[in-house]
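Quick heads-up: structures coming right below.
Look at the two complexes coming up: subunit A is in both, with subunit B in one and subunit C in the other.
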Partner chain A sequence: MTYQPQKDFGTPASKASDIVTLSIDGRDVSVPVGTSVMRAAAEIDNNIPKLCATDNVKSFGSCRLCLIEIEGRKGTPASCTTPAEDGMVVKTQTPHLQRLRKGVMELYISDHPLDCLTCSANNDCELQDQAANVGLRDVRYGYEGANHLGEAKDTSNPYFDFDPSKCIACSRCVRACDEVQGTFALTMDGRGFASKISAGLPTDDFLSSECVSCGACVEACPTATLQEKAVAEIGKPDRTEITTCAYCGVGCTFRAEMRGEQLVRMVPWKDGKANRGHSCVKGRFAWGYANHQDRITKPMIRESIDQPWREVSWDEALGYAASEIKRIQSKYGRPGVGVNPLRGQNNVQGACDMGSFPHELSGYRHVSDATTRALFEEDWGVPIDSEPGLRIPNMLDAAVDGEFKALYVQGEDILQSDPNTKHVSAGLAAMECVIVHDLFLNETANYAHIFLPGSTFLEKNGTFTNAERRIQLVNKVMAPVNGMEDWEVTQALAHAMGLDWNYSHPSEIMDEIARLTPTFAGVSFARLKEAGSLQWPVNEAAPDGSPIMHVDGFVRGKGQFVVTDYVPTDEKTGPRFPLLLTTGRILSHYNVGAQTRRTANSAWHPEDLLEMHPTDAENRGLNDGDWTRLSSRSGETTLRLTVTERVAPGVVYTTFHHPATQANVVTTDFSDWATNCPEYKVTAVQVAASNGPTDWQEDYEELSEQSRRIETAEAAE
Partner chain B sequence: MNTLDHLVYMTDQIARNFGTLDRDAAAEATAEHILLFWDPRMKSRIIGHVADGAGAGLSEVAALAITMVAQKTQPSAAATEA
Partner chain C sequence: MLESLEGKRGEVRAKPPLPALEGLFGKPTVVNNVLTLAAVPYILAHGAKSYADYGMGRSRGTMPIQLAGNLKYGGLFETAFGITLGELVNEIGGGTQSGRPVKAVQVGGPLGAYHPVSDFHLQFDYEAFTAADGLIGHGGIVVFDETADMLSQAHFAMEFCAAESCGKCTPCRLGSVRGMEVLDRIKAGGRAAADPVESLPQMHNAPKQGRSVDAELSLISDLCETMKFGSLCALGGFTPYPVMSAIKHWPEDFGASADMVKDKS
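Coming up: the complex of A and B.
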């Protein structure tokens, strides 16, 4: 598809069900009550000139460009603030309106730079378009008078610039910040000629302000005032592809806007049913990791983890992986295997739906169910064990006991994300074969013997299922730099193991899912493409999916309420460890940060900080910015302190985004009884002043450096 | 915690969750959870722990649950213990 901006109807859609019919320039149009005349006109591709209106925010009526004439009424009302009424007769283009609009544009342009050809918004600028639409040919006022042309650019945000010299004070950015994002970081400072968009206090720039860098203002801006740095650098995109974000379970859909194979920008898709044209800083801007210098694009192997990595061909890597798996199977048998989903990821729902659990087949059917097993056994031609497998914490326990020998980890970094790092590393070190399939040499890869390079979400086809069971297509926008999409790697490994798999496209895998999973019976790539997205169950009873489940009852009839006893944590504070540590994530980073740390998102969060209440800090003689030692019964680490009232007295908080901190050295392996979900939120700790990294941190850094050595192939090759 | 201690601890926690039920019902619910969600190696290990001695560390309900698990576990599943 060639580049077209998303259609802008000027004002939001009305949700009313009653319909009114009006005539616009001699053509009848029927719209729901509450629709603006501007939107009604846009519905029949009559695009009334406008500047301050955009359909993501409420109408404002400030630019005076969208004026219309209505039969039987005086004056020239703004079409964005005039609701359509039954029987209304509207004219959008008359000599009078033309003169008025030209006059308005003339005033705008008299205080706007005329550098269109070298402007980053050239050919993608509403001001430029409207100047053309109203036939502006001349500015009678000259350019000598007072103006804003010399205003300095604010380049503090790593992803977009703010150039006030190009601002037309339409307030679209301010309203987008308020109405779309809800952060209220932007404001219109001053009045009249002195009006100026301001981020936070006068002393603030965009980076230091409350701005969360969601990009809603950039998307709303009709000029080059707020624009992506990438567009300024690369130029205007020339094609677009709809795809789904690879970060969290919201499952925002985006228009990937490209020039050739180069991604220019990711623009939230207005028709995306999960995000409706909005997103956060990660999906909108933090995709640069795909081309980061740390990206590993060639397979690598080594016999033991004290050796450097050796780059090899795909054939050699997969052959080695297959022979290792077979060797271990024949030596130890196959007890205690298990499949586990990537937790906390965008597609965790999809992974779980597919039976990526140690005890389930797809569609949440327990492996002990003989009928379901028979279905898969017949389709796949292999027997399926009726017993559950192991969960990750149990795998690691078994590995430390010497009874669990091999692990294949795809797209997850358990060494950094899982609790009690020393236990995880002991488990990994005890295994004979650890395969890591990832974009980068992550922390887990320090203990790996085989590294298979992965593909980013931009480089593969497939689906992600978000937290509301919404299945959405992921579309390849560029070729995988590692040579294969991830599903192709899995198939190639199957070939190396001697299996005859012959999928040629992920849509065939979806067909198999639909064949074997009743809740997915009606899902196919063709249906997904046509509908945009589908919420499972999609079957005969619900051919268009199920936005709400259990509407009239549950499978068993009425819901069953069960009284359960409260099982409190056994982690207790005491004299040695009087504080409670809670770990979590922040907006700008994603989980272990493997992706976001390799983007400019690090500007907001370059290191993990320990947040502590002022009272606790004072009791310990600690000040904001001090190096502190954080210790628990499991281990200790050092990190810098932030004194803040965001946390309650007695509680400290930190994130686990940075491997240098390794917050999970401190967390314990307590977990919940039902799912073995780790207890990240309750660890008894003590905090004291520190003058350097812990022994663990120093040893681990040395291990990482040693473990990441890569012996490059001979030049002769 | 080593693996066996961990299994004892988890069994006790499951039993405790069903503390509002009477002894037999709680043991049955605990046994059902273990049968459905524990891998054979874990099951046979905790069964062995109860069979070998008195099942040190297990609460009354938890120990009863494990005897129920042992009864319902097919010998073939228990035999997969390496």
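Coming up: the complex of A and C.
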């Protein structure tokens, strides 16, 4: 698709079911009751000039460009605030209206920079478009009057600039912040001619303000006042591709706006069913990791983890991986024992749907079910074990016990994310072959023998399934810098192991899924493209998917509620560890931060901080910003303290985004009895002043440095 | 007012919806001024017909009129609609305090039109004043004698609009300030040369000569049309009344050319 801005109907759609028919410039149009005249006109591609109206916020009626004449009514009402009525006869272009619009534009341009050609919004600016639309040829006020030009640009946000000299005071940013994001970070300061947009207090800039950098204001801004730095740097995009965000399970869809193979910006897609034109700072802006210098693009191998990495060809890497897998299988006489998705991922739903639990086949069918097994055995031509495999904590336990020998980790960093880091590292170190398939040499890769470079979501085709069972297409917008999409790597590994897999596109894999999984029976790439997204089950009974499941009842009939006993944790506070530690994440970082730490999102969260209530801090003689030692019976780490009433007395909180902190050195290996879900939220700890990193931190940093050494292919020759 | 009562920024709401349908906190709200409420006891005591018997045409009942400015007897007078402007100024107000002849009477408040003595026959009635390009407004009347400079009065109207503007709509926010500037230039006799920006060769489309007083007057006339029909509320919408009436009736105060004066008459 060549570049076109997303269609803007000016005001939100009405959800009413009653229809009215009106005439606009001689053409009849039927719209739901409550639709504005502006939107009704836009429905028939009659684009009434406008500046303050945009269809993701309520109408405001301030710019006075969209005036219209209505037969039998006095005056020139604004089309954005006038609801369409049955039988209304509207004119959108008359000599009187033309004069009024030109008059409004003449006022705007008398207080606006004139160097459009060098403006970052050149040709992508609604002010410019409307000046063209109304035929403005002369600004008779001249350019010496009072103005808002020459104001300082606020460049504090790492992703967008705020250039108040270009502001037309339409309040679209303020309304987007209020109505779309709900953060209320922006306001119109002052009034009359002195009106200006402000991010909070006069002392605030965008970075220090309440702004969460979601980008709704940038998307709403009709001029270059709020604009992506990337557009200023690169220029206007020239093509767009719709794809799905690779961060969390919301499944926001975006327009990747490109110039050649260069991504210019990610703009939330208005037709996205999960996000409807909105997103957060990660999906909107934090995609720079895709081109980060840390990105590993060549396969690497080594015999033991104290050796440096050696860059090799794909053939050699895959051949080595296949031979190691076969060696271990024949030595210990056991095939694989299970695959595991980790929660919190964008496609964790999709991974679970596909049977990546150790006890299930796709569509949540237990491996003990012979009929289901037979279905797969016939299609795949291999026997399937009727016994469930291991969960990750069990795999690590088994590795420490010397019973689990090899692991293939794709796109996950269990060393940093899983509890009790010392136990994870001991498990990994005990294995004979660890294969990491990732974008970066992550923490788990410190213990790996084979590294297969991965492709980012921008570089591959496929689907992600979000938390509401919504299957959405991921579309390749640029060639994979490692040479292969991830599914191609998997297929190449299969080839190296002597298997004859011949998929030529992920759509063929989806066809296989549909063939073998009743809940996916009606899913195909063609259907997904046509419908935009589908929520499973998609089958004969629900050919367009199932937004809500169990509408009239559950499979068993009525829902059955079961009272479960509360099982308290064995983790208890006491004299040695009197505080409770809870770990979590913050908005600007994603999971272990492998991607977001390699973007400017670090501006908001450059390090993990320990949050503590003022009373607890005072009792320990600790102040805001102090280095502190956080210890539990599992281990200890050091990090800076922030004193805040966000946490209750007796509770401390930190994030696990930064490997230098390794908050999971402190967490325990307690987990719940049913699912082995780790107990990240309850660890008994003590906090004291510190004057340096712990032994673990120092040792680990040295290990990381040693483990990340790479001998390039050239150097080896 | 409703926005302020809700604790929000004091800005004009676009209508519809009318407050009677969707007003304070989204609930139906009746907004009345004190005039209306003050009329209620009389109507309840004496009946609707008795109240409606006062006045003329479609303007029924009484109006409290504030007489002010250069007048012998200023003050507040409530009277029935239908009294002439001349009666109000000369009989009730007693003519100018300075003793000089009346030049202009502003009717309706700071955003009312300026009327010359030739309008003294006008009856105080909404329709009659509308027909004469004026308005009744809140019934304020300010009298000026022959020493008044109507250019300064026009400028004051733009100043008033700029000072009171909430800033929401463009015609009022920017137009009031540009209006003051244009009137300042008219006072200075127009622009002798293009401004420094227009003079740049890079500004290929901009005129390279100055702008005459007539050109500036035509600009202010266009601005007033934009403000009158384009503004969101009565502040910007009514500012053109004092400005355009001053230009229409006293073009000589603006230095308009003889041709322009002739066109206007």
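For the reader, a short list of remarks on this structure follows.
Basically, the second predicted complex is superposed on the first by the 712 of 717 C-alpha atoms of A that agree within 3 Å, B and C clash if a C-alpha of one lies under 4 Å from a C-alpha of the other, contacts with A are read in each partner's own complex, and residues count from 1 in each chain.
We take it that a contact is a pair of C-beta atoms (placed from the backbone, for glycine too) under 8 Å apart; a residue touches a chain by one contact, two chains touch by 3 or more.
Being a predicted model, the structure only gives us computed values, none of them experimental.
In this superposed model built on subunit A, subunit B and subunit C occupy separate space and fit side by side. Touch criterion not met for A:F451: it reaches neither subunit B nor subunit C.
By the touch criterion defined above, A:V563 reaches subunit B but does not reach subunit C. Remark: in the superposition on chain A the angle formed at subunit A by the CA centres of subunit B and subunit C amounts to 140 degrees, rounded in steps of 10.
In the superposition on chain A, no contact is made by A:F656 with either subunit B or subunit C. Of the two partner chains placed around the shared chain by superposition, subunit C is the only one that A:G190 touches, whereas subunit B remains out of contact. Legend: residue contacts after superposition of the two complexes on their common chain; A:H366 is shown touching subunit B, with no touch to subunit C. Comparing subunit B with subunit C, the partner in contact with more residues of subunit A is C.
Contact with subunit C, but none with subunit B, is seen for A:L100 once the two complexes are overlaid on the shared chain. With both structures placed on the common chain, the touch criterion links A:F206 to neither subunit B nor subunit C. When the two complexes are laid on top of each other via chain A, the two nearest Cα atoms from subunit B and subunit C are 50 angstrom apart. Shared interface residues of subunit A (contacting subunit B in one complex, subunit C in the other): none.
Residues of subunit C that touch subunit A in their complex: 9-10, 14-16, 162-171, 173-178, 181-182, 191, 194-198, 203, 205-207, 211, 215, 219, 222-223, 225-226, 229-232.
Subunit A contributes residues 332-333, 335-336, 338, 358-359, 366, 368, 387-390, 394, 397-398, 400-401, 403, 563-565, 567, 669, 673-674, 676 to its touches with subunit B in the complex. Only residues 59-65, 67, 75-76, 78, 81-83, 96, 99-100, 103-104, 107-108, 110-111, 114, 137-146, 168-169, 171, 187-188, 190-195 of subunit A touch subunit C when the two sit together in their complex.
Contact residues of subunit B toward subunit A in the complex are 1-3, 6, 10, 13-14, 16-20, 33, 36-42, 77, 80-82.
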